[in-house]
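Quick one: the structure is below, and I'll ask about it shortly.
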């Protein structure tokens, strides 16, 4: 085959490659680099500062030149799996993971369910759609710090909802999720959903608007009730929306930190601790970076196991769109 | 008194301030195949949706099998509908698509099976029952969409441009299938299209719509041969009718320096002189020796020709106006050829220039 | 040796593991109107995209005007392309759309003005120059899309189903316009469609493609009358060709109890006996008195008929197999009518059952 | 044909538009549910506003839902211009312009980078692009805290630590995964033929981006802007770690007001500060609410 | 030069105290104090401080709890050796107790400037609450425990305890000092004596902690000063909290002895720990800043600022040669104990932050979860001590 004039494949799409440099650099240097860095330092006993894992020793100094050839290494602060052993022996870490699982599962399911139901309701050609949408969306403008604060207050048994309802004569009424270790995570959930479902609803609403109107008509002619149409026909058709939403919700869950700090500080006791807070507290409060890194590594590992194969299937194999 | 299958009385429909259907009345006898034809945006789909109960009408009444269904739910009207985009449920198998409506009506399982099998048999989609729509070709999808209406044992089938997303060959095949289906089932069918071949071949009667009203309702033959308005005449026939701009006088139809005799023309309402259009269908024009027998003859020059397999379409100028006609068989022509053509204006149509109505 | 305008040598194209074009070779002389025809998914658009340089080919070479453009940028190839979906830039006016390519080529302003004006003149879109695409009708949009190729003064026009989004009437009109344009400009044009009427009317030569390869390349006449494979025969002609399943013997073609004489058939490679298909075009079948002159005659029963305006398509059974044919004019028939039909097998085509090649 | 009397009798049946009951069960359900939901969402805002208008003695009385007996704007004044952080008693106003200075370039740069990435991924696929994109999606899940020190080191190495641009880069990096996903999906939902047409017309990578894609994608840019403005405006961690006191954003001030505890928390000031801080993103929502939905609907979430 | 100072003193009293430093610094030198306050706690401020330092753009000075927190920064050579200033000013002579300066000393060099003394070992009691319940105000921990049920009867929360982890750990550490004595405290935390940690003496402390847990049951506040507020408003009988609590009493206009009582060492063992805050000075290139750092160090320890600062902050000065005539009763008690030399080092000086953090986790869990037996808690306690370094 004649290959006259065939350009170097490296230079095909050159502009695209140049334009993607920020992404490539971010992906490699920050995300991969940062992750590798984190993993490496999780094997050290770093405390306040990252400590070197090892150092090269230079046995040969050649001639007068100060040219040294590294020929061996000296372990400096390598502690093997010690940080991990400690991590998994720590009650708080176990509790954090349990909490993340409970919170994550509930938050994921409820975000989808509430977000979708609200979107479906708003999609009924109702009046004041704009008003309702704005009311539901506005909490997204407030940071988690503020969200936590407001809900901490509303859920405070002494002057929040509980006291108000008791004040109305319902003396036995108890609603103090933030002060009850067994349900505190649900108290956090109430606030988390309040802040986040608006965005989910808007995404879903947009997805619903993209559904072919004829599908609705077909279902009506078939005599299928609206809820069934949603459940069996529309939802399966909204897969792409659900995927974008899933990434947004799931990444929010894994990283949850501010909300907990603002609302419960992990309390009562350690009953609302979460992994990201464990990481933060050990790295900066406890000045044990190694431990924090070990915990981060476990989180990243879990995420990687789920995300990488999934994302590659989802985004990699497809031709276009 | 025969029962009307579908009867529409004084139907009005407006979207807000936009009136889309205006006082439309239509009676469709049992078992008729009615085609709604018209330009884009004239309200065909809207009318179908009103019959199906998918749109809330603004005024008037709708009867199906003599039952007033004006306010009935779509699923209660005894209608089945097939959509242009198929509107199949993408994540269900073909079988699921066919049986979903029945399951909702709480029909016993055994009967569902039976009905699905029967519909699949009629439409020859048995081997596809376990596939999902994504794995079907366009024609197969459309068949499933028809099947979905079929299983529901409805009185009236509504089709909204069911074939317009398909390619020509498939369209032809499915057209025949729908025709056969109608002959077998003898249901009432209302079929929207803007393809006149479909309209001509399928319809018992055609309703030509224009901006929300019916311009002419009649058999394909009537519509083809005696279009009531210029709009109808333009709309029906492929290649399209030629329109010559001229004047009706007692000597005949005069366009520029050409006079075309109108002997034997079936006047709708007595001879009417004045400015008019003369419409001549390309296939009514003959050439060569055959032209000899025609009341009007003229020699013309071939300007452009389009061989279409079975015949050739020739473009020329007549009375200073563009004119085209069919040449039978695979007539060999070349640009610049001269030939004599002829036609009988009696087979054509005259439309007044003011009203655009048939004279 | 006349210069070839476009020359494709051993073109291969694969999407990952899927080979879409396989060792495709094609030479298109200067000024030819070539139509690519084929079923959906056979690779027509892919081939066009390869020629335009919008897809990176896997193997082979492409020459335009004897220049190897295999690796050239699309804009460097001297081609213009018109897409099925028009692909107008929605935010630019018609004028902006037309001049975008010229501005990219850094052509002086005055010349841009001039070229745009000329193209607009040719396509009669002068009054639209300041509108945005959203404010145009389908036909107007398509004209702008053509204009975008026109202004660039290219050697080769590539059309990818330019008319398939339009309705029948518009399609017919624009088809004529494209034909006129070609007659005026005499550029090389490569035109993808799966509408055979377009193919027949527009093409100097037609290339019938099937799964990434060219099955037959020839003039419309050749393709219509002497299809090289059953696939080609099926593809061309509307209504579609009839295929009778039977055997070629020395007595003629035998299907069930019917014998059809093959006298005068132009064998491709000497008489070949064995199982075969006999293809007969519906328009080659005559009825009534005319049948008398044909080498094969039979009385049949009308099972279904489709009046198509100019003629009527009749469905019947011949030798136990479905068979359809055209009845001239507006012949009145009814289901159940009996009539005699006849045809000359010599005008038909025989295909071997094993190879599906013309015998 | 139906007889005349039959016609007459028919006219008595249902006719004209189907009567719609205002209080049909469906409407009661829809508006009832939405009403309750709106209550849940609006209640905190109500409490925030009411509280911010009360004086501390009134707050101590307890009922957080009661409207203020005596409306005072003192908390607002205090939150805006008097609340102290350490020695600076200028309230939120001190950080406001810093926030603006941080948010504007960060939003701009992050959207610029992500949209170009999304465009390259959607229209100019090259080998390995998916792998990088997958890593990027993975990056969306990395807790910010974990990256604090590595980023400090990176910024130090490129000499941007402590400068405004360092912070802008950090925001761009962390906004990249979600925004790139958003833009990639949006651009791939645009008709591919447009892109091809532009290539035939001789436009190159940037030409197509600026002249074809950008003008068609304004809605998705609004979506991205809303997400970024909210995120960056509300950011505390990066804002405080990667800047200096004289460039601290408003959220540092807010944090200081909210987290400085003295006896009883000054809830009214906290609430006023909270609302004031949220005002900028809120304004952007109200202004662009409609575009928000339309933007996503135009394909932002496909794929 | 402009000297940026980072600290987390943002509450009213704290800010007022810091202002004294700033005023003195601005007035007595040509430099300007640029305030970099971050509200929250060390947990919020620490990553900011460390980031700034390793990012190569350090502030001029920053506040840490003195103790082992800064060890690594010193080892890494990122903090300035202030020995020269200390010698010139004679810090070794004036700082009392000397252990404060020891905490700043690594390899014989002084790296920080201590500014105050805070002690943990105080039980604050609400006289009003006991009156309401018809009880005498207790004078020892045991009396206090005995009064618990009666207080509860009267609808009063016996012991107020905030939800933050460090409060729980603090309470426990106070119990060790008070019930097991300073020596045990020193041995367990300072020398990591695991036998002792597992022994009976500590078991008694754990049982006492279980009592405390019983009394704290139902306390639903988060912040320490909200807990203090319960004592102030007579909603709670008492609180174990450091001396900074009296700032709250003062703000509320309460008088020691009349409205509230304070029991140093829980009335059992009258000793106080000498924790506190110190300022550190990162290494910088700019000689002007270096000079400003030196001057700040001087100002911080000067007698006038020591008085004004500590009065505002409610802590004890680090030099014995200043006069705090205006101090209140409780503060005076503290000064007396200090003068008597009944001091012990703070946990921050004995334990790394990591160990403290683990202890925080253990105790916050223990105090909030009654299903953890004292024995089980002690077991975990021993293993933390064992692994501490």
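To keep things simple, chains are lettered A, B, C, D and E as they appear, and every chain counts its residues starting from 1.
Heads up, the rule we're going with is that a residue touches a chain if its C-beta (ideal position, glycine included) is under 8 Å from a C-beta of that chain, and two chains touch if they have at least 3 such contacts.
Here is each chain with its UniProt name: A, D = Carbohydrate ABC transporter permease; B, C = ABC transporter ATP-binding protein.
Values in this document were obtained by computation on a predicted structure and should not be read as measured data.
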Shortest path length from chain D to chain E (each step joins two touching chains): 1
Relative to chain B, chain with the most remote C-alpha centre: E
Two chains sharing the most contacts, counting C-beta pairs only: A-D
Centroid spacing, where centroids are CA-atom means, of chain B and chain D in whole angstrom: 52
Geometric centre distance via CA averages, chain D-chain A, whole Å: 17
Chain A and chain B, separation of their C-alpha mean positions in angstrom: 57
Overlap residues in chain E, where contacts from two or more other chains coincide: 47, 54
Overlap residues in chain D, where contacts from two or more other chains coincide: 145, 148-149, 255, 258
Residue ranges of chain D in contact with chain B within the complex: 1-3, 10-11, 13-20
Touching residues (chain side chain A, partner chain E) in the complex: 47-49, 86, 90-92, 152, 156-158, 176, 179, 181, 264-271, 280-288, 291
Sites on chain A touched by chain D in the complex: 12-13, 15-17, 19-20, 22-24, 26-35, 37-38, 50, 117-118, 121-122, 124, 126, 130, 132-146, 149-151, 153-154, 158-160, 163-164, 167, 194, 198, 202-203, 205-207, 209-210, 240-241, 243-245, 247-248, 250-251, 254-255, 257-258, 275-276, 279-280, 283-284, 289, 292-293, 296, 299-300, 303-304, 307-308, 311-312, 315-316, 318, 320-321
Contact set on chain B toward chain C in their complex: 40, 138, 167-169, 172-173, 175-176, 179-180, 183, 194-197, 200-202, 220-221, 224-225, 235-240, 281, 283, 304, 306-310, 313, 315, 326, 330, 335
Touching residues on chain E, where the partner in the complex is chain D: 4, 6-7, 9-13, 15, 18-19, 22, 33-40, 44, 47-48, 51-52, 54-57, 59, 223, 225-226, 229, 248, 251-252
